[in-house]
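Both complexes shown next keep chain A, but they swap its partner, so chain B is in the first and chain C is in the second.
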Partner chain A sequence: MLILGRRLARTAPRPAALLQGLPYLPWVWAGAGFVALLGTAVLGVLVGPVHIGLGTVVQALVAPIPWFHAAAVDPGQASILWSLRIPRVVLGAIVGGMLAIAGAAYQGVFRNPLADPYLLGAAAGANLGATLAIAFAPGSTLIGVNVVPLAGFAGAGLAVAGAYALGQTVTGLRNTTGLILAGVAIAAFFNAVQTYIQQAQTSNIRQVYSWILGRLVTAGWDGVLLVLPYVVLSVAVIVLHRRLLDALSVGDDEVTSLGISARRVRLIVVVAATLGTAAVVAIAGTIAFVGIIIPHTVRLLVGRSYRVVIPLSVLFGAAFLMLADTAARTVAAPAELPIGVITAFVGAPFFIVVMRSTRAAAL
Partner chain B sequence: MSNVVLANVGIAYDSDVVVSGLDLSISSGEWLALIGPNGAGKTTILRAIARLVAYEGDIRIGDQAVAAMSGRELARRVAMVMQEPHMPDGMSVSQYVLLGRSPHLTYFGKEGRRDHRIVADILERLSLDALAARPLDHLSGGERQRAAIARALAQQAPILLVDEPTSSLDVGRQQEVLELIDALRAEQGLTVIAAMHELTLAGQYADRLALLVGGKLVALGGPAEVLTEPAIASHYHAHVQVLSLNGSGRAVVPVRSHPPKVAP
Partner chain C sequence: MRKHHIGLAGIAAIGIVASACGATTSSVSSTPSAHFPVTITESTGATVTITKQPHRIVSLSPTATEMLFAIGAGSQVVAVDDQSNYPASAPMTKLSGFQPNIEAIAAYTPDLVVASDDTAGLVHGIGALNIPILIEPAAKNMSDSYQQIEQLGAATGHGADAGSLEKKMRSDLASIVASLPKPAKPLKVYHELDDTYYSATSATFIGQVYALLGLKNIADGATAAAPDYPQLSAEYIVSSSPDLIVLADTRCCHQDISTVSARPGWRSIAAVRSGQVIGVDDDVASRWGPRVVDFLRAIAPHVKQLEAQAA
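For the complex of A and B:
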């Protein structure tokens, strides 16, 4: 199916199309994305220390539907499903989809294949915010919400806003290099402060490390509900910019001569991508690699237009992170591995295989 | 109304003055060639008309100041073909040319059937229809130049700015591209402002030539007035002979001041 899909995507002319060679989402790949999403979700719900069969899962899923009379599910198992596994799987899908689409968006606005959602300091800012909260306000809450994710969210937003402001004062945002360098400077500074605090507060070092490496530990739906509004807004804005992200690929001057303000597109997309990234990072920590590997895999397999890369990145990013999380909590059970370790450990070799098999022609 | 008027235009990059005190008026349907030695400011003037650089003074299209137009409005009036257009790897010719419809779309808008029809017609007119699905990085130099012109035409702007349309093309392709621009000008009544370094070709295709030196206009007029041996000798520091071709303009031919000895 892989080869068939590629053939279809690259060569099949659209029937009765006025223009040949326009990018479109191949149904094979869209279908494969949904199958992957569903498959990894089911796997994530089934796998765990307590054995729960597929039948029970289906019964538990249909039980809340009022006119559907299914056999009663054991309350213990129902509770494990509804308050542990299903929210965790859903959170994994949201985090993975968000990081992948944010990565694709950053690569588009910076016209840089190495861009990831953390390029402008979102990860460094979130890490510093969370470290400060863990070190100086452990266990505190603000309006009923744990202060650590709030501090992470604020840190990520502050770092990116700082990088943007710095980039503007230095180069007037005439090019993206100034902005990227400002992001590097901000990230380095935030990392230095974070490391200093972490070294000074060794009693919390494990907690800080676990936060930085990322995890999807969640009880109930709080985490999901907390990030969902930001992620929905962010994804919607990025999806609406698909055509403009393609247009940006001809460079700032030429896109300006087409009547499109490159700066405005860049600002809106960066703000949207950062908002979503900050939200998921605040809940799940700084999970690495998803934002780079997923968009590039989609590019290598299906094509480079953002009209294709953006929607497929969401589907495959979500599936990939659900799978990685299932692995993270099973390979060393009962202990849990940090999910960032799994995404890099599995993701890097997979990416190399994809690169080799497509000869990286599309990079 | 697609006449272009530049009044007392000055352009500087930081503190380096590139163009100063430039007055120039281009009528609707005219082909004006900007000529002059390297660094004369030819490209910069085109970029100012397309508002890609900041300038002082006034640039007007019809009765509207360029500075007062929105980006989209300006892109519907002026299309520019860059000297070295950036052509993203993997993008197809049709997708690239379709970008030219951007000024006619809203911010979140999507191209419709009408846009596809316009682009299909342009591709056919420029003999690019067979290459529509081909990635830009698989095109030859001449095909790339035609794709860039096609994208500019898709903007349906009455004013076409062309920066060195013939650089890096062989003599056959040079003629092909210039004939194409001239034919399109006749068909669609385009106003063409082109920066050209090939003086013979500039004289053959343009109605008027504007000779620029160091950002100042030093001569303006028809080929016979501007392409003279003394003018080229003094401004280009070149030894040339200007030959009058029967009915097809003037040829500017470089000559060596100390011809090499010919072996007997």
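For the complex of A and C:
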């Protein structure tokens, strides 16, 4: 691994032009990532459609600590903080971090800068699964869990498995190209079926619509607990494979020379990224753009090495989505804006600014 | 000559009903009661001329279907769209009012088409076949609703029945409203359209119905973002603590008092604590037809109870 790291240090492209004068400081950016994460989390907890004073927030936060005798907090405000606002901030962080790391992982596996967590049909599959559940099994539960996110999860998994199986059978194309094309075909097919069902079930159209645009509105601790195991597993697997993703970005031979099958690395990372993506899509809907802009922004800041891009994507992705959700909750308060609209509306111009100011050929 | 005679009889019938002040609809429903051709001016200003009394009506609007049957024009209706599930005797087909298929509609050889929206070139397409088409869009208030009933009455030759239905609705609503005490502080209501907290403001028909009852609609706080149907923040709903929650998502999303009280943080809401969470039929709550009276009848006892407690 040490040898691999040194070899990659030689081959890894230089960081962005603007930053070339600066020392290559991933730890500084890691620190900045933690500050961003903490800052956006604090902002997310402090700001909301209901005004809760800083003092009340602090009191409500320390109140559950048994040996700390804080002043009594208004139970209504404490309930809003603990049952509604904090779980939503936490879920935002989990979803953002997961989508960003999955995006980075897909980009590494497919050596394709446009790859995102939905590349192999995860979003289309999740949307179809959820639409089917909304249309044909409304309100049903499976072992106490609403069937809609479960169907979304199953749909996402099925779509990616289908794309993978189909991609493996393609010969005559480069391995990853066949896979991507299979994913595009599966996504188009699933989208068509989903649209057809949606048109035929017009009475459920608003539910389908709010599913597709994101569902952090109804976030609670149950949602956090539902996705957490998958996300932890997925993030752990991807983080453990970050060096192999660096090797993969050089070429399949680079991985093979380590005595490891490039195909196996690809499969493991794709399965891990899909598992996490399916879980967050199932609970939060298909939030656009996070999986593309966050990894690329991180690359522009710290260079292309996945050793750094992978963990930093988690931090910045989490921070970005918490910020976007804070905007979704407050800009039109007491009404909500769809979070997917915010991520794309803010994310796209922000990304263009980053791209232009660094004048990088890092993509 | 003959036509003229029928016309006079019709006018006489209207006179009788008007003087009887809300006579039952059945007594006049078989009487042809209007001059044809009639010209109807829609709310958009467009005019529709119907040359003779229609006997093959296609309705693509669930509300219009309810109105047509309520004014005794049901026997003239040959097909209704896939959402027109009331009354049960309505001839429901696979026709869609959302994605209307002109050819499929024309296959019923209608002599009048009624719809709530001009989607997918519906008016142009039906107009090209020289079939009169009447658009009766979502009402904004009761007077829109009454006007649509009058228009459908005129268009189908049931003007008198329409008049008496309107009179009946007006008197029913008035007596429900009159039965409620006037509280010093208006009760707060949250009307839920689905389980992601979409609601309806006072700018909508259902919002106007709550205004009739003297209720304060919490969705009105969000009109700046979305004047009609805003998606409310859970935080806002909880902190507003409405006295009354009306669930118009009992069918679509299977919501009831138990699912609502299981939502994180919702148990602190006044309506949840006092059990004033009312499930209503999604369809009744989303249409602007005669069944609005049933809706009010379902809500009024809860309002009465709450106001008695507050007094």
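Quick notes on this structure:
Everything below uses one rule, namely that the second predicted complex is superposed on the first by the 328 of 363 C-alpha atoms of A that agree within 3 Å, B and C clash if a C-alpha of one lies under 4 Å from a C-alpha of the other, contacts with A are read in each partner's own complex, and residues count from 1 in each chain.
Heads up, the rule we're going with is that a residue touches a chain if its C-beta (ideal position, glycine included) is under 8 Å from a C-beta of that chain, and two chains touch if they have at least 3 such contacts.
Because the structure is a prediction, the values reported are computed rather than measured.
Touch criterion met: A:Ser257 reaches chain B, while chain C stays clear of it. Of the two partner chains placed by the overlay, only chain B lies in contact with A:Ser305; chain C stays clear of it.
In the superposition on chain A, no contact is made by A:Met98 with either chain B or chain C.
Per the touch definition, chain A reaches chain C in the complex via residues 48-50, 75-77, 79-80, 82-85, 87, 138-140, 199, 202-204, 206-207, 210, 215, 217-218, 220-222, 329, 332-337. Contacts from chain C toward chain A in the complex involve residues 83, 96, 98-99, 193-198, 221-222, 224-226, 230-236, 238-239, 241, 251-255, 263-265, 268, 282. Taken in their complex, chain B has these residues touching chain A: 47, 50-52, 70-76, 78-80, 82, 85-96, 98-100, 102-103, 105, 107-111, 113, 116-117, 119-120, 123, 132-134, 155.
Remark: chain A residues 13, 17-23, 240-241, 243-244, 246-247, 249-251, 253-254, 256-261, 303-305, 362 touch chain B in the complex.
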